[in-house]
Amino acid sequence: MHDLTQRTRPGANGTSGPNGTAARRRSPRELVPALAPLLGLVVLTVAFVVVGTVSGVNMSYSVQTLINQSVVIVIIATGAIFIFAMGSFDISLGASTLVAAMVGGLAYNATESLVAMLVACILTAVATSLVSASLAAVFNLPVFVTTVAMLSVLGAVAVALVQTTGGAQIKVDSSFARQYDTLPVKLSVAVAFLALCVFLFTYTRLGRVEKLIGGNPVTARLTGVSMKKTAIAAFAIAGLGVGLGAFLTVLRTPTMTTSSAADIGMNVLVAMVFGGMPISGGPRTRIYAALLGGLSMAVLNQTMTTLLATSSAGNGISQVVRALFFLAVVWVATSGHRSKLLPR
Amino acid sequence: MGAGLMRRATGTLIIPVGAFVVLTALCSLNGVSLFHTDDSLLLLTRGVATTMLTSMALAINLNSGRFDFSLGAMATLSSVVGATVAIQTGGGFAVMALVTIGTGILLGVVSGLVYVLLGISPMVCSLGITLLYEGISFAITGGANVSFLLDRGLTSFAKSTLAMVLVVAVGLVLVYTVFDRTRFGFDYRALITGQAAAVASGTKEKRNAVLTYAVSGALMSVVGLIIASQMGYIEAGKLNFGSIGIMFTAFLPVFIGGYIGRFSNDKLGFLLGALTMTLVGLAFAALSLSSTVQSITNALLLVGFLMFLSNEERIGRAWRSVTHRRGASPSGPAAPTTAATPNKAPVTSGVNAS
Amino acid sequence: MKISRSTALAATAALGLSFGLTACGGGSDSAAGGGSDPVKMCVLVADATSSEALGFKDYYTTYIQENFPVEFVYSEEVGDADAEKRAMESFIANNCEAIISFASADRPTQIQMAEDAGIYYAVATGTLSDDQYEEFKDYQYYVGAIGPSLGVEYQAGYDMAKYFVEQGDTRFAIYGAGVPYYIDMHIYRTAGMLAALAEEPSTSYGGATDFGAILGKIMQDGTVKVADFQSDVYELTGYHEVWSFDDAAWQANLAAVVASKPDVILAAGTGFAVFGAAVADTGITIGDIDAYTDENGQAMKEGLVGYLAGKFTSSIGPIFAATYAAVEGHPIRAEGDTALALEQGYWVATSPEQFDAFLAGDTIENPFYGKAELEQFANGDQGYDTFEAFVAAYTYVAD
């Protein structure tokens, strides 16, 4: 959280610096925390299968549901990793998804073209994201607080967009949407975007620079990295993710109101962290964290629904279990990276 | 000395007084009054109380680089427990207040312990804690509102201006004393300015962190108590981060508080920041602005103020160059800025300062 | 505390294990429940906290579940179309046999999903628009809708305002509840209130005097603007909306509405819950469209609520009966084998005595729509005409 405090973290220069990890083979002591999110997903999947089989759940439908419910989160969260890797923080992702989806919906209604809708979603999301980035870069603002303000502004923009229709909602023809709201469409969008992100993050300079900035911004600046350019690239990619997520959101939920996509923002955050993403970014950033975390969350939600839906406090208890599991996974995932000082 | 005091007083008061003047002017331009109702004083004190306490709760951890999403969840859960116990025992407001604050402290301690024992990032920790506390509130009530609308014993507290003034005064004095006048407070400051050095010199960081969370929990429990008493019921069914909204109301006062703190004391700053934002709220109501306009205005105020903070230096320089030029061209070097430094040549004082 | 790798591993394993065990425990419990498996009915709720919603839930999970071989599974509070879809997917995956929906963000999608999955689906406490009904009325698994139509919602708002006008009140404040969220029923009720006031010749809202134009104006603005209210006779002293309890400006506006000293606060919903604590001892009366609950009854006794139009708790009995009958193989269909579309209105109480009479006539132990009344339809003994009359019998006639 350099944004809020403008200080380097005490753990940043700790045992697993950016130079050490790649060169030598990992000891089991490092491997376990690194594998914790995966382990969590495996445990959750086993529980899901066991619970599902015992309770007579329709497994094939259930698996489809899992994909349906996690794909938008996974896409947006994967894009957002580019922002978080630098130690920045964007809390307005849910609101920008909504605004992009609404503009996409309006574009479709005006043109009846799928492509126009896709383009509108992406352009809106990228533009929104770049506004945050530019505000932060040009005016020297902390990114986190900029996005807090963006959250309010985008919420108000969504209200204004709905008002343009003179009704309660922005509605896209549902038979059109159903045509494309299919697993192949979702999976191809997801695979294409994830592949792009993995490539950019792992095989280009961008990923390395981002980790460097996240790990130690001072060093990054001294080595001549352009913070502004990197930030703008990161926000653009995150915007692309939001745009694609918004596109799939319109197809999935063609009726949009001001409260649509409300929980996406926080769920994206939880998914990343659940998947092992350090919130302060840096060298331990993994591009696949969102995929692991998004799936884990969806599996856990499904299982808890099956188990607890009949009790009146069920939703609350289910969330308590989710919280405990979340803390446990994060704890194990970070167990190899502790210093004597408390993390900040 | 006198100039220093003047500068400090100006820095401390410029935002609340400036806001008051601007808002009063805006209201009178629109033919309404900022304090247009009999309840205005109550509203003002109550708004200041909740906003100030929330800002302090946010700031005391934020100062140490710890961001806490769970403030709203702590306020809700502590007041749910307090109200439920008070309703079931018939113990009235005293029981509700004691149990609520006790629970708040406990929740703060639990947050702190989870953070300290697990050793994970405080923001991530607060995500888990938020989910946990929301889930517990829901599980206790089955998702229903805890309602005591007709129990005047419980609802009269938030209707008393005196009680609200007392809350503000006691809150301010307590937080000031704890953080500025005790060993704990000195350690707290040492940890902010130099974490590694403080720990190396024997400061018990973990204990300090847990206590800070406990104070934060206590402050939020009072916020929960006031909101519950005011509404006559508590919405206990918010899940999936539905409780984090209250935190956003505290950002601007926290930054205003930080700014004012440079001139006097940040605790006083939170009070004045809360006062400023409550005045803005009163003006919104007086001007009958829609909720959309309100949220945009608030967002712009936040961004605007941060722009000012982040670019203060630049703005100051630009301001000085503008005043300097204006002073220089028509009437020669005799004009403005001279009052404070009569013995120096005005031209050089302007340049030196930048 | 030092955390070693083995502790960490053990913890994860323990958590996973306990999770698995809970799973097995939960599974065997439900398998062991009763001789014949109960019918699993899933309920989609957009509001899980209001007294009305809790009353409904109580009726289903206490009374109906005890008297019929059914098991109710409730969704969490779904706030938008996507949440509705997620909840529907969970229901279908978990083998629900029927879905009763209280959520209206995107009804067409819900109906389509249920039809595709071959699960019976019914709308409670609401109706479809005419267009939507035409689209879905022939669907095999669409049971139908029973509840107040938007026309009834308009009438509820209109009647309430009219009542206070006839009482001689002239100073009104309005609480629009979910108007900015475009919750249809709140918009229609609010428009109804303004339309009732606009019957007086000098009165208009935004220049409009008839219901349609007033509705259009509110739809366009997404709010009610006090300045747009013109009248020589009445005064609109204030307007408030939504439920932002922790927002200072919202609180200030709430207090400003109370301080404007209206005779009456006309609420499009949850009026007492929002204004109850604030109006105590001020002499302001609340007119509310809510539910018959103990708390509202008490509020009426204390004079805080002067008018209550409300759904009674067991009003959702008939839609259950129709859904249950469908699952049991005796669907009740309207003429031409079409889905049900039946209207229900509100009970209106203007005195504590009336209120108590309504409340006493419909308790959880002894509801207005009880086992005996519902069973005849559940078993397929009665046809559509009887059912229609049965639903219409909601109109409570106090003697």
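To keep things simple, chains are lettered A, B and C as they appear, and every chain counts its residues starting from 1.
Following the convention adopted for this analysis, a residue touches a chain if its C-beta (ideal position, glycine included) is under 8 Å from a C-beta of that chain, and two chains touch if they have at least 3 such contacts.
This one's a predicted model, so the numbers in the text were calculated from it and none came from an experiment.
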Centroid comparison with subunit A (C-alpha atoms), farthest chain: C
More contacts between chains, A-B or B-C: A-B
Rounded Å distance between subunit B and subunit C, as computed from the means of their C-alpha atoms: 37
CA centroid of subunit A to CA centroid of subunit B, Å: 30
For subunit A, residues that touch 2 or more chains besides their own: 159, 263, 312, 315, 321, 324, 331, 338
Two or more partner chains touched - positions in subunit B: 119, 143, 239, 292
Interface hub residues of subunit C, defined as touching at least two other chains: 3, 76, 180, 221-222
Partner subunit B, residues of subunit C touching it in the complex: 1, 3, 48-51, 54, 76-77, 180, 221-223, 225-227, 239, 241-253, 255-256, 258-260, 272-274, 276-277, 280, 295, 298-299, 302, 304
Residues of subunit A defined as touching subunit B within the complex: 1, 4-5, 7, 10, 135, 139-142, 145-146, 148-153, 155-156, 159-160, 263, 266-267, 269-270, 273, 278-280, 312-313, 315-324, 326-327, 330-331, 334, 338, 340-344
Residues on subunit A engaged by subunit C in the complex (per definition of touch): 28-29, 32-33, 36, 39-40, 43, 46-47, 50-51, 54-58, 61-62, 65, 68-69, 159, 162-163, 166-169, 174, 178, 249, 252-263, 302-303, 305-310, 312, 314-315, 321, 324-325, 328-329, 331-332, 335-336, 338
In the complex, subunit C residues that touch subunit A: 3, 5, 8-9, 11-12, 15-16, 19-20, 22-24, 26-28, 30-31, 57, 61, 71-76, 79-83, 85-86, 89-90, 92-95, 105-106, 108-109, 112, 117, 180-184, 187, 216, 219-222
Subunit A-touching residues of subunit B, taken from the complex the two chains share: 62, 64-67, 114-116, 118-125, 127-132, 134-140, 142-143, 195-196, 199, 205-206, 209, 239-241, 244, 248, 251, 255, 292-293, 295-296, 298-300, 302-303, 306-307, 310-311
